[in-house]
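Report on one structure; see the data block that follows.
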Amino acid sequence: MSKGRVLLAYSGGLDTSCILVWLIEQGYDVFAYMANVGQEEDFEAAKVKALTIGAKGVFIEDLRKEYVEELIFPSVQANAIYENVYLLGTSLARPVIARRQIQIAIREGCQFVSHGCTGKGNDQVRFELAYYALKPDIKVISPWRIPEFYERFPGRQSLLEYAAQKNIPVVQTTKAPWSTDGNIYHISYEAGVLEDPNATPPRDMWQLTVDPEDAPDTPERITIIFEKGVPVKVHNHNDGTTHTDSLELFLYLNTLARRNGIGRIDIVENRYIGIKSRGCYETPGGTILRAAHIDLEGLTLDREVRRLRDQFITPTWSNLLYNGQYFSPELQFIRPSLIASQESVNGEVKLKLYKGNVIIEGRKSDTSKLYDMEESSMDVQGGFSPVDSEGFIRIQSIRLKKWGIDNAEKP
Amino acid sequence: MSKGRVLLAYSGGLDTSCILVWLIEQGYDVFAYMANVGQEEDFEAAKVKALTIGAKGVFIEDLRKEYVEELIFPSVQANAIYENVYLLGTSLARPVIARRQIQIAIREGCQFVSHGCTGKGNDQVRFELAYYALKPDIKVISPWRIPEFYERFPGRQSLLEYAAQKNIPVVQTTKAPWSTDGNIYHISYEAGVLEDPNATPPRDMWQLTVDPEDAPDTPERITIIFEKGVPVKVHNHNDGTTHTDSLELFLYLNTLARRNGIGRIDIVENRYIGIKSRGCYETPGGTILRAAHIDLEGLTLDREVRRLRDQFITPTWSNLLYNGQYFSPELQFIRPSLIASQESVNGEVKLKLYKGNVIIEGRKSDTSKLYDMEESSMDVQGGFSPVDSEGFIRIQSIRLKKWGIDNAEKP
Amino acid sequence: MSKGRVLLAYSGGLDTSCILVWLIEQGYDVFAYMANVGQEEDFEAAKVKALTIGAKGVFIEDLRKEYVEELIFPSVQANAIYENVYLLGTSLARPVIARRQIQIAIREGCQFVSHGCTGKGNDQVRFELAYYALKPDIKVISPWRIPEFYERFPGRQSLLEYAAQKNIPVVQTTKAPWSTDGNIYHISYEAGVLEDPNATPPRDMWQLTVDPEDAPDTPERITIIFEKGVPVKVHNHNDGTTHTDSLELFLYLNTLARRNGIGRIDIVENRYIGIKSRGCYETPGGTILRAAHIDLEGLTLDREVRRLRDQFITPTWSNLLYNGQYFSPELQFIRPSLIASQESVNGEVKLKLYKGNVIIEGRKSDTSKLYDMEESSMDVQGGFSPVDSEGFIRIQSIRLKKWGIDNAEKP
Amino acid sequence: MSKGRVLLAYSGGLDTSCILVWLIEQGYDVFAYMANVGQEEDFEAAKVKALTIGAKGVFIEDLRKEYVEELIFPSVQANAIYENVYLLGTSLARPVIARRQIQIAIREGCQFVSHGCTGKGNDQVRFELAYYALKPDIKVISPWRIPEFYERFPGRQSLLEYAAQKNIPVVQTTKAPWSTDGNIYHISYEAGVLEDPNATPPRDMWQLTVDPEDAPDTPERITIIFEKGVPVKVHNHNDGTTHTDSLELFLYLNTLARRNGIGRIDIVENRYIGIKSRGCYETPGGTILRAAHIDLEGLTLDREVRRLRDQFITPTWSNLLYNGQYFSPELQFIRPSLIASQESVNGEVKLKLYKGNVIIEGRKSDTSKLYDMEESSMDVQGGFSPVDSEGFIRIQSIRLKKWGIDNAEKP
């Protein structure tokens, strides 16, 4: 008798194929779930493979548009970034993948969901906290945290042996000396030779972008138009093309960034579970969008809104996503203010893309009156009287003078 | 009879020369003060000019080393940045300039200090809040906020006429269509043709750095060594040179960055007085240092220290500097924790400089044990049991499950 | 010919009566505006007086309900407090007063608004920033900042002389040795004998509440019911009465608090302009509401929502109100998240009122499932396995162990 | 052969006595450790009991003074509070207890430490994170999280049976229908009948303080003197007594508060592990100190230091203590700024204690010049010109006017 139905997040690779078979071996009915978030993968081949090795069913879901619109663009609005550098490319894809998995589990009557994440990483947390928040009574099978599984498969070799024994087809490629995980927003490289933080990543590791040294010698110039902080149009001045559909536009920015060597980073970051790890990432289109959005906010966002948003919303949003808490009361709590902050972020930004650089060349907004050329002019006596500044400074100095009277830091 | 002694912050240019003479005209004894913070200026010529037009004395002060050590390096430690982009190059120089001015004013018995800042900008605030904090009873003369001065000199032409009439020597250069202000850390461009935020800065505006397009085709590789978050050595792998003195090292980083097209930005920012203005800046060496320092913190700083520092110290330090409140109780309050945060930031970072890019190629630390290659490894079962993650996730999910029970955001 | 129409915020007292006449003297047509925000005042007598001394018209507006619903209740939701102690009673009334003044000014074609605030206090800022935000081109006449006014009236005696000369009726009361300002939410006492921060306020100063020593020896017990953080019902268990209308309910809480000696404070606070000043305040009903609301949040608010709200919304809301920036982009920015935070704050709180104390005696919520008696029980093995805590602690300790290896703070 | 030496945190009660014997049964050599942090306990009787039932040694440590000076007073300086209400009484004692336990474990060659905390509470986390931070390789035995222990002892009855069987002396008291935990700073009550959050705590539960209704009808007046934010003297005006020693002074404040019914609270709080629980607490002396310290800061602390401290240090310090992370890099990081914030907090506060109320009656400081009676006076034209406020307000309004032009919130 079956122990129940499991919906397994399946990639078609060695690990999740072995897990699929192992789960069947444990007495479960296993269904495979593949989320298309833009990673490079042969979904049809994987489907055939899953069915071949025993899956009762396979569900392939194209989540790219909801990923772009619900996760990526709001993260652009939030200027989301983790530890000053990382654009959260892996983290952002997890909520949409986990949500659809739960939806299908419910629809298909699966009491269990399963995944192939390791027990040391962030992704196990991101998937499972999403599962539990969306369906508190779901049961999760995480083989890499089950002693009888991880002790049976202490390394790649034991998985290969199991695959051979169970007739699991294995693509005969030499494994790269690092792990990768990709989606429409980015690709990550970690583990293997990258574990030495002082080892420079090999030149041929980077998959998405050309090396800036190999990028074209001629810059490309584009304009990005934003409405309420969301990109709605990209115009390429070099070739005159324009893109407006959310997914297409984003894919096009990826194309532009990839050929101009834009979006590589290499960091040591702090995982949620308190371990430091080294990761290399490419986030091509996202890097352009971030630069453009930040620039447009300079023109269209009130100073205090910006300051408060930077201090509260940006890090909170970023940490919640990094730590797998997109489905949480606190994200629901901050989202309305994030949205409110972007009401005025309308306009366009001119950019030059050149060998790894995203260079701002100008910006304008037809709706925002916050920038006032006359008022900011040093040459024109407009807007307010210089005498006002006198009073402003005197009032601001009251407190400092009191302090200065006893101040240790005497000149 | 004299109205008293004024110590005027003097640049040798048209504005402050006219102010010098105007102050004499008003009945003051005027002394000129020139702070060398690394700007390109002929101090000796300016001195002669000041004396020629009536200054009772001239004081030229080399503040470059204290500027680097007291302001620039701590700002590197703080990862200081304003509105996501601006490295605070003008702001950082103000405290050392103002402090020496007050010191000399006290020494020379000047009851007044004066400066040539306009009534719309940040610098008037920065200078004067520093003056008042350091010497609460100082009297400040700010001609550009005195109606009888600014009404008499409504534009450059009236200053030129005044100069002609008063025998103030004027260098016959055509004025650039923007204003600049430089120091060892950066140069700024604003006003004039830059007031249209959509106008791309002319190619020949940038003075410090080469255009990335004109930078060498071959990257340069360097290593920067930090102790407690402060750079103490720069080694160039291409030519084998090494620099260790704080000022020299910083000048050398400037040289490297300038020839590789590093450090340009163009933003619309929010001034302290609530006006938006457009500025272009070059911060060559500072841009390299910021990237390297942030990277090393990834390796050597505890996650929670980093998070708290990022949320509290970085924006507070940056805003205080931007708004002219370096000499303030609140900066004295945050400084001890800034220093404490850097205790563990020891190690070195390998960098590649190439056409505007600062590319991290590796980092290491001999002292920090926070990064643990075995523990972070996905392949090795080291450090802790995967079963621990199970409990961690279950506990983290308790709160989210409760919320999920009523959560509107049903899957 | 008239210089234009002025709408003066008028109280009927000596100061604003003199201002009214002085404005007429300066050539303005003056209209008087009286906002009823619950202060004890004879509005009709003041109206007669205003007309008698030359006002072209008088507008009396009952703003109590909008004050309670738009300012007081949201401040309860925000747990608003300034410098740990002050419930912002004066600040909260300003936005509704200023807004109606601007509305009437527009309706009546007044180019000017005016008020009787001094040049050292917070209220001038609060009124005027509201004016300017709501009608950027409004012109403000602030007599106490106009040299020809304040030099003419250096003290109360000169105002009395002016009143006598101009036939302004003066009520012959001896002036209290302090200033007061009241509204439905609170009353303030400051200046005069209170300026010595070490002087204990005289027993007979306090107007709203009885001294706790004189309050009844028998406690009163009430229950307050909240919906989305807003009080919607108050039930008195001693006498069985119930109130549900927002204004009535709030007035009733005032009554209860006043007779039980609840809501007095005495502080030295920091004004917006950087001066410290001493104030004594009574906020009777507000003190009860704050205690009850905070308690109910313990039961119904998620931990992380609470933490983030406490750190970001509470101080931001409080400071914005204190500093007169209710009508501002940043308040618009934070309000949606404030509202979102209160979605789950539904339930009731039992309270005992006794001689200055507000004592919580219990709370419940029919809707929130966040509190789970079984799960929190130390005696019951419910909800999760103790073994989970093992993993949780082990994971939390990873980072601390790394730090402990080098930690200076050795045991 | 022994499995090794265990140092058990021992209370003399049923639970830890059973644990002691059970550990011996498991093959350990067990040493008992009792920390005197001011709880009411017969340490000598407990020592005899421990030895009787098999302990190889007993260590009783008086930690009261280091507890007061290292944890309580800094928490007063920080105005530490958890979720607006809880003064952290249990949390604060944990670091000193855990540290001494580790010190003794090292000295006595114990490889293991053990405690009797449950698997659902905060204390297990607080003890163990401290253990691991101070001695990363320590081994912890937490019986209430070990299935073979907690399954063997599912309730009090099974412990009593075990005690009978093992000749563990049991004091024949009827167990209170709640748990308590006390130290010099506070006592807690939770669990049992208190688990219904709507149940009013029984009158006879409260052990430390008299009911405010039973407190004296005559107030007591005292003055507390602070140096750098730390109380250094308490003077009772009623009886003329004075206390200056840190421990004595604190004990005396407890005495005062207890007889005047001060320091009771009743809350539902969020535990670190994400569970809500209800707790009742008495923090007598701490409640007085908090009120006095906050008041003195009004007089002596700069506004911006206070604002930043309130937003960053207070909640961070409080959360770290609550969550058991006193020994952590982040606490080391914030401590220097906490200390710096208190430099100016020197002076005295007059207080009236009356039936649960702590009423401020005045404060003064001989050293701080921040409060300036003349400057704050509404009556005196001192310190600065009202015209300065004009400029201040105009500058502050620039930003708001721009926003007002498009503002949706039209009057």
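Every chain is named by a letter (A, B, C and D) in the order it is written, and numbering of its residues begins at 1.
One rule holds in what follows: a residue touches a chain if its C-beta (ideal position, glycine included) is under 8 Å from a C-beta of that chain, and two chains touch if they have at least 3 such contacts.
This is a predicted model, so every value here is computed, not measured.
Path length between chain B and chain D in the touching-chain graph (shortest route): 1. The interface with the greater number of C-beta contacts, when C-D is set against A-C, is C-D.
Chain B and chain C have CA centres that are 41 Å apart.
Between chain C and chain D the centroid-to-centroid distance comes to 31 Å (mean Cα coordinates, whole Å).
Centroids built from CA atoms put chain C at 43 Å from chain A. Touching two or more other chains at once are residues 270, 273-275, 302-304, 311, 328-329, 332, 344, 370, 372, 375, 383-385, 387-390, 392, 395-400, 402-403, 405 of chain D.
Those residues of chain D that touch chain A in the complex are listed here as 302-304, 344, 367-370, 372, 375, 383-385, 387-392, 394-396, 398-399, 402-403, 405-406. Per the touch definition, chain B reaches chain A in the complex via residues 79, 83-85, 99, 102-103, 106, 118-121, 124-125, 128-129, 132-136, 142, 144-145, 147, 150, 154-155, 179, 190-192, 195-200, 212-213, 217, 219, 264-271, 273-278, 294-295, 298-299, 303, 306-307, 310-311, 315, 319, 325, 327-329, 332, 350, 354-357, 359-364, 370-373, 375-379, 381, 383-390, 392-393, 396-397, 400-405, 407-411.
Listed in rising order, the residues of chain B touching chain D in the complex are 270, 273-275, 302, 304-305, 308-309, 311-312, 316, 328-330, 332-337, 339-341, 344, 395-400.
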